[in-house]
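Paired with subunit B in one complex and with subunit C in the other, subunit A is shared by the two complexes that follow.
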Partner chain A sequence: MKVLIGSVLGGLVVVLIALLAFGVLPATSLKLVEGYMPMQMLFELGASVAIFAVMSYLLGQGGVQLSRFWQGILFWAYVLLYLKFRVYPPIPFSVRAMYGTVTLIAVFMWVSSNEEDWKKFKQPIMNVLDANTGFHKALRTVYLIALPILLWGFSYSSFLPNLDEPVELRTVHPAPPASTKVHGKTFVLQTSQNPYRVNPEGKYDQEYTNARIVEQAMGRLMKPDANPWDEKAEGYLKYVREGGEIFFQNCHFCHGDNLNGRGLHAFAFNPIPANFTDPGTIAQLQETFIFWRVSKGGIGLPNEGFPWASVMPPWEQHLTTDEIWKVILFEYWHTGYYPRTWD
Partner chain B sequence: MGSLTRKKTLAVMALSAMIGLLLLPIVVSVPALASGGGAPAGGPPPDVVKKEGGEGDKDKKVEKARDVYYKTEGIVSGLPAPKTGDNAKDYPRYNFESRVLLWFANQQHLYYGSFVLAVPIFCMVIEFMGVMTKDKAMAKKYDQLAYDFIKISLTAYSLTAILGGILIFTFLTLYPAFFGYLSSIFRPVMHIYALMFVAESGTLYIYYYGWDKMKEGFLKWIHLSMSVILNVIGTVLMFLANSWIGFMMSPAGVDEQGRFLGNIWHVIHTALWNPLNVHRILGNMAFGGGVVAAYAAYRFLSSKTDEERAHYDWMGYIAMSLGVAFLIPLPFAGYWLMREVYAYRQQMGITLMGGLLAWLFIIQATMIGILFLSTNYYLWQALGRMRGAERFQRWIKYFVFLLVCGFLVFITPHTMVMTPAELKAMGGQQHPVLGNYGVMSAKNGGINVIITTTVLTFIWYQRGNRVPSVSWSKFGNIFMGVFFFFAYVNIIWLAIYGYFIPANVRVGLSVPQVATTLSCLFFMTALNLSMLKGAKQIGPIEWGKISVRSQYALIMLATAFTWMMGLMGYIRSSVRLFWHVNEIMRDNSPWAYTHTVGFAANMISFNVLFFWISIMFVFWLGTLAAKKAPVEAKAPVPGQAPQPAVGH
Partner chain C sequence: MRHVKSKVLLVALAALGITMVSGSAGVSIFAQEGGGLPEGFKKGELAPLPSAEMIEAGKRVYFTKCVWCHGVDGAGDGPAADRLWPRPRNFNQGTFKIRRTASGELPLFDSKKPVEAENDLFATVTHGLPGSAMPSWEGILTEEQRLQVLSFVTTQLIKDRKFDDKATETQTVLQLDEIKPIPVSKESLEKGAQLIVDKKCIECHGVTGRGDGNAFNLKDDWGFPIQPANWHKCWNFRGSRQDPYNIKNIFRTFSTGVSGTPMPSFADNTTVEERWHIANFVNSLCERDPEGNPLPIDPLTDKPKVNFVIRSGPVLEGEISDDPENEMWQKRERRIVLFGGQITHKPRNFVNRIDDVWVKSLYNDKNIVFLFQWDDRSKSVAEGKLPWQPTEVNVENYGVKEQAPKTGEGDSIAAQQSKYPVYNDAFAFQFPVKWQELPAPIKPRYLWGDQKYPVDIVKWEANGTIKAFTGTGWDQDFQDRDDYTEKLKVLKQEWKDGRWTLMVSRPIKEDYDEDTYFEMGKYIPTVFFAWDGHNGDAGRKMAVSAFYYTVLEPPIPRETYIYPTLIAIGVVILEGWVLTRRANKKKGKV
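Here is the complex of A and B:
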């Protein structure tokens, strides 16, 4: 009975990953819930470890013991398949290679954490090397022939001309200059402030404006007492509305009406425009950084912005300084993020 | 006068001499400091004398300028930073990249400097442990270990001085304009530094040669006090050297043209000086522990007898414990340093962590992860030398899982390397799942999970062969379990919560996360030790009976330390981009560009390799001296002694 339960438990996970790997089950059919995706991935990996541990225990109780060698190898293979076929959109190879290496190290740490386990893990390898039985002798011979062929294959393929596009080590957030000159005025990025981030008294007030941004949760809800489209809205909320108007006249074609970088023209570009709803973009930066990037556009990227893969126009040629500040105000309001500040 | 009294008098005199040496540079520098460090670069040049200094004295004209950092006004007391050109006068050169030569000389000097500053601190700690231990055999063992350490350090000390000389000559011959400017600003500090070096040498020799003469009683305490003085001098030396690099990164005490404004304290006490000091002192200790542990591992692996194996197993364990004790707070000190860098210049912070050098930070995160994984692995292997520790083995796989989850989050890059096709398939620059691991909030969670798990491993190691027998042990175990559980919950919850609050508040969340981790470290270790008082022993510790894999883990630990130190030094230095002194003196040499990641990694590896080859030579010299030592000076057989006091 224990063997049966153990086999079913582990078998389910294995079948699931096999279905994903062979494309029978699209990865998107197992939903990664927006807003919970990072923790969901870790949770799923944790659950897999727990299931495999329970399976191993139950099988062991029933007298069926998978050798430590195969436990280690199969678990590693499972993680590689999980990363390749379960997580969507696809993870770039460089990151999967990093994760795969770390998992391999983890498997090694596990199987060699004590002498007994280490001996168990090594045993199948030693059996093949010692070749005391006919089967192992044959296996050793196969390895002796197969390994050089495999190495030859790797060497051969590495010498073949490669027509793939090269990888790019793109700097998404290049360091800004200390100051930038827009419409004849110099702005020091360390100290400048958005002139429209103000409280009813007209003073710069980050806390006041932070309290009036949309709820940062699924659906992004407006605060009941902070509707920029209320005609009576004054001050900060009025500026947000004006910023929104500028955004929808100029920016949303690329950056999208939900500010997620998926506008009408977005997929004509590679990379697609910046996704402001991602915590790694405007949420990480000072408003002055955004001001500099919007004003100067892709053409104004510094040397470290190589390969300058940005077609954003230098908006200083189309918008006034005030309009740029207002559109930035709107972007933060709409995404529910707070600009970075230094206290 | 009896022999003992004479010895005491001599010892007190030696101690006084050390204190005198310590105070000497301060006394010598008092007049210089009082006058604001004199007038570097030959005082105010005639062509800058513009403004009237006082109403009553029209002949004495001075020019005043504003400090670039402190924003205070000061009297211009030096020449502007030279405007160099790409010529042989400003940048004399061989047919080779001068920067690489300087990089090599600097790195080697730093490796040895760190080692010889860290080892005396270890000696002080171990000697103190020896004095405090009631067990005579153990006390002797500790004393011998401290002596062995200082012996290694002594040979390395000469090499440090030689490398320091090479570094100065490299500066003078290849970067004369820059070095001239720097020494004009730091003239009084450099003199104090030189005198401190003399004091350090004198103290070290008295400390070393006085070891046998001050073995017991009052004299031993005098000897121990000497080690304190030795370390005070060493630390001050390092702080002074840090002021130079602090000035290069975040200059202060000068005006926009780089003219010294008469206040030497402003020049020393720059925006980054304090965090650099704390980070370096912790880093040196962790590095020193790693190097000594690697030495012990090497000796263990080449041991011929069980006795030798037992001794070097124990030595490796002590060195590793001391190194790791300083490794644990190191990420927090690094975090503080980076926070100050951001606060000083946003673009510098972005260049480091989000821009040009961001990939080097991913490599750094990988190295930090390797350090903690190696430490945990070593401790799990060390359970193997304790009979009774087998009961913990089956839980190790869950520890591995926790560590690896933290590690994977910690090393996930914000800017991923990918082909344009992959970029398109991903639908944007940020991956919707993994992109969240790429920012600081998640990374703080990752590293705190790793450190907390390391603390948990250490607590289990302490319990390896013992079972608490205090009446409240059940309550203690439950309390500890609940404490750790909520520590993990708190760390992970704060990491998630960080996505929902402003960045400046998010930065502040690291404080409760760190506090949680440190609470686990201090409170739970203390609780564990009190639970283990009079604990039931379920098996002996068999020193020397540890797997060889554990020793490779120690070597891995030391190599990772060395590599990471080289990497971080490079990152810290290259963040100035094309400036010798940030925003003050431009680097106009042909090498004022940032190397590729690949070249930098190769160069760091070369430095690491050279250091390890040379330090092996130092170790070999140490073994030659040991062979000549009289038999009675050798330590008792460690394998036969009771378990050491540390960690048990």
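Here is the complex of A and C:
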């Protein structure tokens, strides 16, 4: 019974990965949740480690113990396959190689944690080396011949002229300047404030406005009593609507209807437009930083931000400063994030 | 796209099985029980209206996500509408494009069924409408939220019709999942090719299906110009449901029509069998790789996956052919370059009609030749002389304006589509001058370079001119490079059935200080630009690509064979060493 439960448990995980690997299940069919991908990935990997541990325990109880050697190798293979086929958009090979190496080291630490385990782990290797049985002898001969041939093949293909796309890493959030001049007015980034982030008294008020942004849950919907399209909406919410109108007349072409960087023209560009629903973008930044980025656009980036490749317009060419502040107000409202503050 | 392949294979196998059992490819079972219904359809029931709670919850979704395009009253006039083409849907009339219901009927919608086969509107919100601004909401809104917002839209924003009105509404449903497809075969494709002529498909979609037939005279129900679909870009089919090579989507669209547009339903005048032949044929036209497999589609963008490297192949002896059908070109790998609108500097181009180009390249010791092929529904050549010089870039001084944000329906981009003054179709590409000296990773700006790093621009126009320029910035007039212009050659320029073919030859090495100096095996940053003369494209109003790289493929060097062999010999020695050591150790122990 325990053997059955154990193998069914582990089998499920393995079948899932196999389905993904052979393309029966497209990589996108199990959705990674927008904006929470890294946490979800870590959770899934952790969960599968737990499942494998339970499976191994149950199988051991039932008397069908897989040897340490194969456990280690299979787990390593599992992680490699998971990274290759589960995550979309695909992780570049160089990054997967890094994760793969770390996992390999972890597996080695695990199998060599004590003398007895280590012995058990290397036993199958020694068996093949010593070739005491006919089977091992045959296996050894195969390895001796296959290894040089395989390595020849690998090194041949790595010596072939590689005409893949070169990898260039840019800084996504470069250091901002101390101040920026827009439409003749100088804004000091440390002290400037969004003039539309106000309470009904007209005072700058983060607490008031943060209470009226969309809810941070699946769908990111507005609070039922804070509808910017309500005819009676005044002050902050009215500015949010005006900001949204500007956003949907100018920005959504790239940054998308849901501010996730998948707009109408986004597919043509490289780097792809910023995803504001990702907790790593506007949620990490001050409003004045966004103000600088929006006003000066891609062309205003320092070199580490690759200004030559960015199609982000310097919005001061198209919008007034008031319009830029309102768009920023809308972006925080619609994603449900708070702008970071200086203190 | 492996899954699509396997799906197609499964469908084909299933169909083959049926064919073998029944002994004929005909699917006539539905015709008998139809009772006056078109073949392949069955009577359906009107679904009950959604609950008041669903509608109320949907209002919240609508005013967070949808109102920006579709407007407060659902009339398709939200803030974004005037800069979009096609315009966002006007819900008021209850007209929806992609349905399984017969022409003129409301689409399938049931607020209790998040099942795509029984819920057209749910499928549309889930997958979006590729090729338009409507995104896929899967992964953003939960299934429940999608049903809620549709409950709100169908009851509150559709004003002219009622989903449960038994007196006026009927549901006649295409049995899309019951009818077995006819497998793709030579005979089926031949029949399909004949049928698209007989059924007059080519009048609008063009003789090769690039949507160039009647492209400038068609209007939708609201009077906005509309263009026929280009069958070669199935990923832009609105009803592709993010599965563009699936024949069923074409069968459905052909059977039920696209409501609100000139595309009718062909249910009454074609048999199910004929519709499958047509679907098979139309599907076969969609771009494929050289082996005939579907192109890999990026599920995040619903466009073909892009490789940013354009590889130019060596021609070791002789001249490079000027005939795209020549073997050297046929064998050459082609790569797709995707275009977006130039939306950085005024006049911005919010709607670019050219969205991709296929590029091939060959080089020999003297020249590098590029072969560009892109779809453009119209050949555009300006009548008379244009008021600006070819070198001038700030054409907004001459009245080439970008669309104002809020103009009202009559002046929106959608309404303007067939009214633009016609300029020349044009194509250009740029490389950095002296790219060898650029401190990595710096490049000249994608939009015509900058003061510090000038670019080498070659621009061809449909009136047959080709010129070399130096670009020093997005707002700086080009400088003529007459010496280089003399050495440029247009080997071929042809517009045929909605597609331009352009072959341009340029010297590989000229003046190092002024012209791009090509070297083998090096990554040379490249940007492509395209203008559609009928879209009013001129100057900066154009389509533009991201940075690509042109690489001249070097012949394989000798080291490629020597080093691996050395490594293999090393491994053999290592093996011997390990085995001897192990054997000695064991002996020592014994």
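Note that the second predicted complex is superposed on the first by the 288 of 343 C-alpha atoms of A that agree within 3 Å, B and C clash if a C-alpha of one lies under 4 Å from a C-alpha of the other, contacts with A are read in each partner's own complex, and residues count from 1 in each chain.
Here, a contact is a pair of C-beta atoms (placed from the backbone, for glycine too) under 8 Å apart; a residue touches a chain by one contact, two chains touch by 3 or more.
Please read these numbers as outputs of a predicted model, since none were measured by experiment.
After superposition on subunit A, the partners subunit B and subunit C are accommodated together without colliding. After superposition on chain A, the vertex angle at the CA centre of subunit A, spanning the CA centres of subunit B and subunit C, is 150 degrees to the nearest 10. Shared-chain residue A:321: touches no atom of subunit B or subunit C.
In the superposed model, A:199 lies in contact with neither subunit B nor subunit C. Of the two partner chains placed by superposition, only subunit C is touched by A:221; subunit B is not. Look at A:105: by the touch rule set out above, it reaches subunit B but stays clear of subunit C.
Look at A:152: by the touch rule set out above, it reaches subunit C but stays clear of subunit B.
In the superposed model, A:275 lies in contact with subunit B only, and not with subunit C. When the two structures are aligned on the shared chain, A:89 is found in touch with subunit B and with subunit C. In the superposed pair of complexes, A:160 makes contact with subunit C only, with no contact to subunit B.
Once the two complexes are overlaid on the shared chain, A:61 sits clear of subunit B and of subunit C alike.
Distance between subunit B and subunit C in the overlay is 5 Å (nearest C-alpha pair, rounded to whole angstrom). Contacts of subunit A with subunit B, set against its contacts with subunit C after fitting on chain A, overlap at residues 34, 89, 164-166, 168, 170, 262, 270. Residues 22-28, 31, 33-34, 88-89, 129-130, 144, 147-149, 151-153, 155-156, 159-161, 163-166, 168, 170, 214, 218-222, 224, 227-229, 244-250, 252-254, 256-258, 260, 262, 264-270, 297-299, 303, 306-309, 311-313, 317-318, 334 of subunit A touch subunit C in their complex. Looking at the complex, you find that subunit C touches subunit A at residues 2-3, 5-6, 60-61, 63-65, 67-69, 72, 78-80, 82-84, 133, 135, 137-142, 145, 298-303, 306-309, 311, 338-341, 343-346, 348, 350, 352, 355, 405-406, 441-447, 450, 521, 523, 544-547, 549, 551, 553-554, 556-557, 559-561, 563-565, 567-569, 571-572, 575, 578-579, 582, 586.
Every residue of subunit B that touches subunit A in the complex is listed here, in rising order: 342-343, 345-348, 350-351, 354-356, 358-359, 366, 369, 373, 376-377, 380-381, 383-384, 390, 393, 396-398, 400-401, 403-405, 407-409, 411-439, 441-442, 496, 499-504, 547, 549, 583, 594, 597.
Against subunit B, in their complex, subunit A makes its touches with residues 32, 34, 37-39, 41-42, 45-46, 49, 53, 87, 89-95, 98-99, 102-103, 105-106, 109-110, 112-118, 164-178, 189-190, 206, 210, 216, 261-262, 270-272, 274-275, 278-281, 283-284, 286, 289, 304, 338-343.
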